[in-house]
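Following this message is one structure expressed as structure tokens.
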Amino acid sequence: MTITNYLVLAAILFTIGAVGVLVRRNAIVVFMCIELMLNSVNLTLITFARSTGTVEGQVIALFVMVVAAAEVVVGLAIIMSIYRTRRSASVDDVNLLKY
Amino acid sequence: MGAIEAPDLSYAALAPLLFVFGAACTGVLVEAFVPRAVRHPVQVAIALVGTIGALVATLLLAGTEEITAAGALAVDGPALFLQGTIAVLGALSVLLFSERALDPARSAFVAAAAVPAGSVRDRELATSERVQTEIYPLATFAIGGMMLFTAANDLLIMFVALEVLSLPLYLLCGLARRRRLLSQEAAVKYFLLGAFASAFFLYGLALVYGATGSVRLSDVRVAVVTEGGSALMVLGLGLLVVGLMFKASVAPFHSWTPDVYQGAPTAVTAFMAAATKVAAFGAVLRLLYVAFGTADWTWRPLIYALAIVSMVVGAVLGLTQTDVKRMLAYSSIAHAGFLLTGVIGLGPDGTGYGLAATMFYLLAYGLTTLGAFGLLTLVRDGDGEATHLSQWAGLAQRSPLVAALMSFFLLALAGIPLTSGFTGKFAVFRAAIEVGAWPLVVTALVASAIAAFFYLRVIVLMYFSDPAPDGPTVGVPGLPTTIVLAVTAAATLVLGVLPGSVLDLAEAAAVFVG
Amino acid sequence: MPVDGLLSVTWLVIVLPLAGAALLLLGGRRTDRWGHLLATGTVVAAFALAVACTVALTDRAGRAVSLDLFTFIDTGSLDVTAGLLLDPLSAVFVLLITGVGALIHVYSIGYMAHDPGRRRFFAYLNLFVAAMLLLVLGNSYVALYVGWEGVGLASYLLIAFWHTRPAAATAAKKAFLMNRVGDVGLALAIFIMFAQLGTTSYAGVFGAVGLLAGGTVTAIGLLLLLGACGKSGQFPLQAWLPDAMEGPTPVSALIHAATMVTAGVYLIARSAPLYDATPTARTVVLAVGAVTLLIGAIAGCAHDDIKKVLAYSTVSQIGYMFLAVGLGPVGYAAAIAHLLAHGFFKAGLFLGAGSVMHAMDDTVDMRRFGGLARRLPITFVTFGLGYLALIGFPFLSGWWTKDAIIEVALDRGGWSGWLLGGVAVLGAGLTAFYMTRLMLMTFFGRPRWEDGVHPHEAPPSMTAPMVLLAVGSVAAGFLLVAVFPLSGWLEPVFGEPEEAAHLVSPLVVSIVVTVVVALGALTAWLYVGRREVPTTAPARVSPVVTAARRGLYADTVNESLVMRPGMWLTRALVWLDARGVDGAVNGAAAALGGGSARLGRVQTGFVRSYALGILGGAVLVAGALLAVTA
Amino acid sequence: MSDVPWLVLMIAVPAVGAAVVAALPAAREALARQLALAVSLLVLLLAVLTTIAFDPGGDRFQLTTAVAWIPDFGVEFALGVDGIALSMLLLIGVLVPVVVGASWRDTPMPRPGRPARSMTAFWAWLLLLESLMVGVFAATDVFLFYVFFEAMLVPMYFLIGSFGGPNRQYAAVKFFLYSLLGGLVMLASVIGLYVVSNSQLGEGTFAFDALRQLEIDPNVQKLLFAGFFLAFAIKAPLVPFHTWLPDSGAEAPIGGAVLLVGVLDKVGTFGFLRYCLPLFPDASRDLAPWVLVLAVAGIIYAALLAVGQSDMKRLVSYTSIAHFGFIALGIFAFTTEAATGAVLYMVNHGIATGLLFIVVGMVIARGGSRQIRDYGGLAAKAPLLAGVFLLAGLASLALPGTNSFVSEFLVLIGAFPTRPVFTIIATVGIVLAALYVLLMYQRVMHGPPRGVLLVDEDDAGDGETLRPASGTGGATAVLEAPARARVLAVRDLSRREIAVVTPLVALILVLGVYPQPLIDLVSPAVEATMTDIGVDPGGSTPAAPGSTGTGGTD
């Protein structure tokens, strides 16, 4: 398997994530799609680390995971608070602010 | 097995960062151990010490040019200048946060964010004197992230800094005491879109890494010179730019700006509008000038286009806004466009006036917009700030001073001479024309003429129309807000009338290392 | 040649009446009591001074003094000096203006005795005299232009003197505007002189006429003529003069009969060196004179308003003068002579008319007069003499001067000579007709007065000037032609009058003319003298009469060709400016606003659409960059 | 004497005055206006002293002051005047006190159910405006000029916006945005100029004298010229950039209108002469025909529009547009005579139209309406008012003997040799000028009494009802006519009003009879400008072969 396959796979995953953000309503799911995008990037990084024969890629991947984890904490907190108020996690319900 | 040598850290050069992050961590500890009664003053004190200390440090460091932390951080002119700017804006924002005289409940921030909005508990908390103090460490972390952002000499650090500055902001946006639904909505939107955008940034990082085998800006430059811009790298650059432009709220990545600016607590909006822009543009400048400065053919057309789109969108959409906060949000989009005009002004091989001009503009705009938003917190009605335009009618008769101050800030934003706004515009336009981008400048000027209309509309309302009988009241600000307004107004005036010294400073600082 | 003694203060002639005017206008009510006396005094003094200066002028080589007073405008290569030129020509006019002016001032003392605005009236009158003097005394075309517009202003003020009457106000405006049209011509002529010769002074221009291309001179000549037509109520700008009769009668006498309206003649006579160089322009002058002569005479025949008749008569008489000056050197002297004679008898006639109106409670409709000879003996006699002088009764001034013009016209020879001569003779006949008609309707026949009118002779202050003018009307022609030939006096200006070989002997001419005049008078008698004059103008009349009554449709033409289109154009432009130009501005603003509102709809408030926007932007950016690199 | 910084004083004094007046409590209106009068008179004195200190034969720019301001941009706070600028300073010095006098009794337009507002702010803005106007003419640094140019908008904006007529908001915003747009486009050119100087002289500068030395590529010149031109064409309004003026002129309080049309708009024509011609000679020469088309079109077009106006203040504004056409014609005809005429025109128009506006304001103050149709027959009751009205009108139709004649005559006779066709068309304009002036005069002053000033016999007697409009906004309020009425209740000029108009009347007549001193003051500067664009400053040479003319000798 050449590295291209991995890159393409990662790209596909990234796209799936991005599209997911666009099509899914539930905030949690949207957020998960974003996580998917991040992880596809991780895959890309690992692949490049391999191809370029450097370690940064892998290190960065670790960083990304940590950051992602932090993001989860903050994100879920926010989503929870609004869910409590509105009894709904649909991102389409939050559009008081517009135009 | 050779011994692992620890990376050299020149603590002196990192002093500003250390101050702020130190303050932030201390803040967290304070939350844990200091009794609630005294937390507020303590937290404010710590935050101020951190930011002001950072400011002092940057001033002392002026002139240093070194790469440290194993090349991950560059402490150079631009970094220090922008860090100083952020420190100033941060300190002022902290002061705005700490205002306790205006809101009857003595704080603009929700007492307990976890309590569902509108619930019984929420209602009783809303009127209670209990105040939120986590905001200070959060804000301090954000400030630290921003300062790190401008000094990041390495895409990874840039990413980390991006997150460090974003995450606290997401939270801060949701902490308004009044109109909590809007506030929470702002937080959700900002968070989801911010995370989305940072994913793009990250993917761009990955691609650049793949193309050059490194995320160090200097290495990237070398690679660009040797291999020229490969498709992979250019794609990476593009995605990096997208991530940064999102933070800088440049159209077409601006869509979150109006909503978030309107929903967030005004003090936080002020902080975001002023400081975040500085940080984001700091990163943009460093990325484009240091990493891709030798391959400007790749990004110049892109930035050119983005500048025009941003200016036009900001100016035109601002015309029909009826909410002052939202209007200022669009104005900030337009200003992002003007700033990009300065970014264009990078001359051949690193010369050119663009860097200095943009940095000056950032300082000037940051202070002015901070003042403008700060002023919004004074005009209030039954439930919090009165930000609808109609409520501002005839304000000049209610409170001449506020009206005059607001007019002054608006004229500065419109770029009328003798205000900092004009000096800044002049600087960036000059930079752009020097590299022959006069069509861009003409567009910018027309855009600012259009934008002038909605600034003017507020002035017309305040002065030339009659106040509504049940109009808002103008609160008497406490010391903190007063200081903020005084400082920002004075700065706006001084930078307009006698900008010489600051311009010198910017020009002296306008050299990147690495 | 140094100017010393009396002549060096010639400027006083102008300054005296001007000072009078200023004093009366600024002095306000304080001067109400004695203002009119002061005004009259200044003019009389000016007359005395003028006489003295003229006398001093006679024993002076070249009979001319040019007096540079101060630098008016000096920039670049343009240097206009405010200066005066007193030479035989201007001297003659100065005497006429101050002389007749003085008499009419005296007359007005009585005429305006009961008018609340008497002070204002005298101030304007003085202002006019000053401006008119400047017009004739200036030594450059610019100075002339200044006076030219000055008299225009004075005329405006005086026509509109009774400004609460809409008719008066309108007439004044009309007069000023039609004059302005002429002024454009005059101004352009001056511009050409400067552009071509770099000077506007008489000396400079006349000295360099030779350098000008033929076309240029013709252009100048025609433009000057346009100016002259405006001022002198000549075709095609004659329509304002009859309306100008809305002004007080002394004004009609002084400005619209004796002096101002003859300024055109002065201008052309003064510009003789130019016209000598352009036969074309001169021919046009001839034509204008001939046409106007007839228009005036014809229109005069049909009007019942005594002042309007006299006004048309003035138009026609000035036509004679234009005809004369149009004939060139041979005609100049004749023209000036007729001008002076006309100044006397026409002023006399107007004053007479004024006296009649004074007696008839300001009625001007001759159909309501009749049989006044017995009630107003002095007026009748003086008026009669003026009348005889005008129609050219043998050995009265009109006879001398008008016959001279007719002779010169005939002497031109060729078909044009016969034509012009014929026109002139015909004009004489018509003049006799309408003047006789006027005399008969006014002084003879059965009284047709409105009830409650008790005619009474005017006070001496009014009759005295009339008498003097009557004397002038009788004697002037004889003196000017036979005793002190004017041609001789004017020689320094117009050069040696060559002794024309008469094609038709003067005797024959005057016999023919006299016969024609007699016929005209007889016809008039047949019409109005023999039978009863209806007190209202008959409605059913021949088209000719209708045309004549309407001044040969001059107003109609002006209105349909200029006024109405102008008004339409104005309305159209106002609309265009509001809707078009300003509309574009406001439209652009509105478009921006609309676009803003529409664009704002994109900001739907849905996170996912925002995300779409970001993704789209990212794709665009990536695509663009790839395009750049690839 | 010339080492005193006169110009700095002329800027500082009114600025300080403005600050002091602004600091006064709203209640102290009387004190405020007395202060305003005192300060403006002091400025007049300064202007006179400046003129005495100025030596017409001396250097081009005199009484210069130069202090480094923003060294990074090479900006200097550089002041200095040539004859042209000085004449404008004199005009300012004369007009402002007159305006103060004319606005003495003005009050802000009353708003239903609200207490009358204080005029203190009006006086403060007025003084600030004066200071900035002085600055804009005295600046010899293009950047400084630009700063004043834009800053000037603010006080005028507030003068119109808070003290104007019923439609003041629209007018104020339109005025501000229109001028701002022009100014911003000019800013592009200003920066461009700076960049050029930077590349040619090594270091960027805005000093007028330095910039004049630049050798700019013709195409670049055209671009830069366009930027400046647009700004000035909007300021001085040339058709078709004029539509803001009628609105502003009509809605502004009389005082504001006088300064707006009398001085502010002159910045445009001044700019043509001071900046467009010397800095971009080639572009000026190439584009002159197009400018002249605008100018001459404006003369006719605006005059016809003036004829069609029913609102006196709009009418006067349109006449000004026509006059600006004459000024532009004089400037772009490129002869010394015409340019001198144009400069004189700038001064004379300020005086004549200023007077016209003031008199119209006095009429409006009596009748409370701007509509011509609401008046009639005033001359019978108010002869002085009518007389001054007529004189102002005659001055604006350039009747010989009034100051305007000299300037209009110079413009036309000077433009004729180089631009005969344009001049001929322009000359037709003088007929239209007579038409619009006399139409307005006849309708307002002549004819039988009618209109809003007719009141019933019995209440005509006492003084106060004689001024139905007393206490209506800057003489701009609209008042509906009393129903049945019989006698004309109008007062002739009061002492104050006489004092206000007298200086202008005197100037009109004096400058009309003896303009040479003014000409001597400005012609050196004009000749210098002509030299800049490569025209023989000696004036046009006679066209007729062999004609020597009489240039300056006879």
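When the chains are written out, they are named A, B, C and D in that same order, and each has its own residue count from 1.
Please note the rule applied: a residue touches a chain if its C-beta (ideal position, glycine included) is under 8 Å from a C-beta of that chain, and two chains touch if they have at least 3 such contacts.
Since we're looking at a predicted model, the values are computed, not measured.
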Any chain that touches subunit D and subunit B: C
Chain occupying the most central position, where position means C-alpha average: D
Which of A-B and C-D has more C-beta pairs touching across its chains: C-D
Subunit A and subunit B: spacing of chain centres that average the CA atoms, whole Å: 25
Computed distance of Cα centres, subunit D from subunit C, in Å: 36
Between subunit B and subunit C, centroid-to-centroid distance (C-alpha), Å: 79
Distance between the centres, which are taken as Cα means, of subunit D and subunit A, whole angstrom: 66
Subunit C residues counted as touching two or more neighbouring chains: 600, 603, 605, 607, 611
Where subunit B touches two or more other chains, by residue: 188-189, 192, 196, 258-259, 453
Contact pairs between chains, per stated definition: A-B, A-C, B-C, B-D, C-D
Subunit A-touching residues of subunit B, taken from the complex the two chains share: 113-114, 116-118, 156, 159-160, 163, 167, 170-171, 174, 180-182, 184-189, 191-192, 195-196, 199, 202-203, 205-207, 209-210, 213-215, 258-259, 262-263
List of subunit B residues in touch with subunit D within their complex: 411, 414-418, 422-423, 426-427, 429-430, 433-434, 438, 441-442, 445-446, 448-449, 452-453, 456-457, 460, 463-466, 498-500, 503-504, 507
Residues of subunit D defined as touching subunit B within the complex: 69-73, 111, 114, 146-147, 150-151, 153-154, 158, 161-162, 168-169, 172-173, 176-177, 180-181, 184-185, 187-188, 191-192, 194-195, 198, 223
In the complex, subunit C residues that touch subunit A: 600-601, 603-608, 611-612, 615
Residues of subunit D that touch subunit C when the two form their complex: 174, 178, 239-240, 242-244, 301, 304-305, 307-309, 335-337, 340, 377, 379-380, 383, 387, 394, 399-401, 405-406, 409-410, 412-414, 416-417, 420, 423-424, 427-428, 430-431, 434-435, 438-439, 442, 445-449, 514-516, 519, 523, 526, 537-554
